[in-house]
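Below are two complexes that have chain A in common, paired first with chain B and then with chain C.
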Partner chain A sequence: MKKMLNTLFIESPKSSLRMEGESIVLRLANGEKKKLPTLNIDSLVIRGSVYVSSRVLAYCAKHGILVSYFSVNDRMLFKIDRSLAGSNVLLRRAQHEATKAENALPVAKSIVMGKILNQHHELQRYKREYAKEDRRLIEDISKLKHQLRYVELAKDLDELRGYEGVTSSLYFKYFNDRIRKHKREFFMKGRNRRPPMDRVNALLSYGYQVLYHDMIGLVESVGLDPAMGFLHRDRPGRMSLALDMMEEFRSLVIDRLVIRLINLGQITPEDFDISASGSVRIKDKARRIFLEGYVDQKRESYFHFYTGEKLKLPHLWHVQGQLLARYLRGNIEGYPAFVVR
Partner chain B sequence: MKVLVCYDVARDDNGARRLRKVARICEDYGIRVQYSVFECLVDPAQLLMLKRSLEQAINMKVDSLRYYHLGKNWKNKVEHVGAKVAIDMENDLLLF
Partner chain C sequence: MQEYDYIQIASLQHYQYCPRQCALMYNEQIWADSYHTKAGDILHEKTHQERIRYEKGVRIETATTVVSHRYGLMGVCDTIEFHPDTILPIEYKVGKSKSIYEVDKVQLCAQVLCLEEMTGQSITQGAIYYNQEKSRSYIEIDEALRSLTVDVLTNVHKLLFNKELPVVEKSKKCALCSLVELCIPDLTNMAVADYWQTMASEVD
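Here is the complex of A and B:
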């Protein structure tokens, strides 16, 4: 089993990273120095004005440590491609073949079904705890589940995306209800991004970006090309396969985390900067709280139907990546999406 | 698994040099918790490599090394009091 390693997040401006032997030396703006062995790190997330020496980058590329660089506005600007370390050209040819529009449907269906089932699970949980009597919700939950039947019968990707859209809007309809604190400030008017126009959307977008980083790592660690996706089609600069792999986990990991942080009062309405144009940014302090929550969430275990064990998220992701690779090699019939139980 | 590495390097002619070398090797594998004490989170293969490079660096006649194998559930075997709490590479969030 792959060992679960830590992610190093560097958010403090004017800090620097250098190599010394096999360890990374981090120097913060206040002069504080920390030495971290790279042995226990498997990815590096850098944000804003951080100096990183070329030796650090070379070391990371060589040892398969994923480096993502985010702008101050939380957009991923670049990542270090470690394809030399982990790529397998035969597997990639198989991936290329399988992601062609006419072949992509089976996996895309599985992904969408996984997503729908996990969204269904979240709404069921909410209903059980807070809204047992809500007729409208009960009806929508069954509608949502009903979409699965259509998905199964979908004839092409466009049709499939249509059903995905329907379920997503059914699911997001109840997002505001699930927020139980500062309801007036934490209110989303639909999903919007680039820039996010309300606090909830800002949190969701940020969370999806962080998850995106992890999904790229997942895909690359099993030797696949993150840019060739099934459900998401090719577009320059877009890591479509990473986006595909995210679908099963959005509601489970990020949506749940956002709601929890708001409901527990760990993130409050004051944690945001709102510009004159209405776009919303998360303040640095809240971003740290968010990342702490995210890392906690990653340590949670979920039952995995395939291995029959409870796995922590990084392990579980790795298993999903291996299952996809196995499907592409022709060892299993289809790609089984992860469904929470 | 967690291994605690402690060392004593004699202060002879080459002592300072060996001392630096030993420390540098340890830094690559773990976190310094006290002056000549390191906590290393390693797998069996990595431990082997660590031991090999350390044992090549010291002078067996005058220096000594001690390894304490704390295993997987090392958490309830370690207690810290006072200043300079070390980072736990396995569980702490590495956010700076």
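Here is the complex of A and C:
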């Protein structure tokens, strides 16, 4: 059966989740009740003041539904794993070996190459549609492309991260240009987070957080340890492998979504609270719009040149996890990061 | 042999279907349900409750755990009939008798090997109950079947001891395999280096 990585987001304040018979029931603060379709749900994201009964948690553990809990400030506080199912010590040992600093470079390179190629794709798309004559852009695209050669020759992780940094700044340089609505309010002053200092960064951070959650689910569903990464090094509390897996998808999934929501006017400047200190928060209504857009995005199909299949995003993610596991277990000689075409 | 090296009787069936499937399930701990596995679960709900009853002087046990220390084998028998003069293990299957597969016979024979070692009695016959027909077929446990079973279980021991994952051998069976989406039989066609070369060359 296909892993669809369907995620249910429960964010309504003062709501509760309880078991009623064999189904999970959501009760909203106003007393309204909703039965949740557990059959197709792979994970549950709970945010803020939501009451969850222990029987719901037991049900999720038993049925392999990942539960993540986020604070109202979007920090992941805990997650509940899929019990012991799928835990595979052999794969973990291989992962441990392969993620050691002296062995991590090949996969780290693949991740960065995937990321760069996908960023390149986004800029090309933008150029084709809106900026055919922009000499500066054309030049930067070719600079970005050049970084690929350096990546291939990188001798260590630090050098690799340097090239990644260069391409990222070339890529983000055009982010404001790609926004074509409310340009005065939707303007990013570089990448900043925790707290985000402008609306665009607030949307990006929220999107990356949601993607991060899905990547943890992806990594765990193939029996890998989300904390042991290649490009991102060990840090307690950080799911480095999930961050690694995000890299090839950031521009394709979240950046595209943010730009689309703004350009279609689905999210407007009024959808944010701006503190006197300058930090920016997304209002609840806009979060819902964002998540709906995210779910729509997941239904899109992408052609995967390596497997030769057209895959919906959740299935594609699962395939990437499988490919990484196959590499670790010696079935393929490298990790083919996903490149959009 | 240590207890944790024992293999499951069910693994013989998986190995015969596809060694890679067997390694994925028992070494990689990958499992996925299909229509067929679910149908099997539902059928076995009845037989997998430990029970002992008597019918006409025959002691009938369900869901009995059996083991062979000699072969490093363990598993559960759906039903065992203890007759005064003989022991008859019965395996429950979803399908029809015209599809008596060698794998079903091997599974039955593996149960026989365990039961013989545990009771000291020799067993010449077992049965497979086919749910679609509501009838059983009796299977002779002859020398040929015994040596085939020992061959298969030796191979499973080797596979699981080495902890290696066999490479894909794509076949028609892949379409029916519940693990097809996790095994991804298509993907060994391309060298990863070629993949990167193609991806990078398209960057213009």
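Everything below uses one rule, namely that the second predicted complex is superposed on the first by the 335 of 341 C-alpha atoms of A that agree within 3 Å, B and C clash if a C-alpha of one lies under 4 Å from a C-alpha of the other, contacts with A are read in each partner's own complex, and residues count from 1 in each chain.
The criterion applied here is as follows: a residue touches a chain if its C-beta (ideal position, glycine included) is under 8 Å from a C-beta of that chain, and two chains touch if they have at least 3 such contacts.
Fair warning: this is a prediction, and the values are worked out from it, not measured in the lab.
Scan A:311 for contacts with chain B and chain C and give back first, second, both or neither.
neither
On the A-aligned overlay, A:35 touches which partner chain: chain B = first, chain C = second, or both, or neither?
Once the two structures are laid over each other on A, A:35 reaches chain B alone.
Examine A:20 and indicate which partner it touches, taking first as chain B and second as chain C; both and neither are also allowed.
first
If we overlay the two complexes on their shared chain A, which of chain B and chain C does A:223 touch? Say first, second, both or neither.
A:223 sits against chain C, while chain B stays out of touch.
Is A:291 contacted by the first partner chain B, the second partner chain C, both or neither?
Once the two structures are laid over each other on A, A:291 reaches chain B alone.
Let me test your reading of the model: by the given contact rule, A:323 touches which partner, first (chain B), second (chain C), both or neither?
Touch status of A:323: second partner only.
For A:10, select first, second, both or neither according to whether it touches chain B, chain C, the two together, or no partner.
first
Have a look and say if chain B or chain C is in touch with more residues of chain A.
The partner that reaches more residues of chain A in the superposed model: C.
One more residue to check, A:91. First (chain B), second (chain C), both or neither?
After superposition on chain A, A:91 lies in contact with chain C alone.
Quick check on the output: what are the common chain A residues between the chain B footprint and the chain C footprint?
Correct list for chain A: 3.
State the interface residues of chain A toward chain B in the complex, per the touch definition above.
For this pair, the touching residues of chain A are 3, 6-12, 15, 20-23, 26, 28, 34-41, 288, 291-292, 295, 299.
Could you pull out which chain C residues touch chain A in their complex?
Contacts found on chain C: 27-34, 163-165, 167-168, 178, 181-182, 184, 186-193, 195-196, 198-200, 202-203.
Residues of chain A touching chain C in their complex?
Per the stated touch rule, the residues are 1-3, 85-88, 90-91, 110, 113, 117, 120, 145, 148, 223, 305-309, 315, 318-319, 322-323, 325-327, 329-336, 339, 341.
Along chain B, where are the residues that touch chain A in the complex?
Per the stated touch rule, the residues are 24-25, 27-32, 40-43, 46, 87, 89-96.
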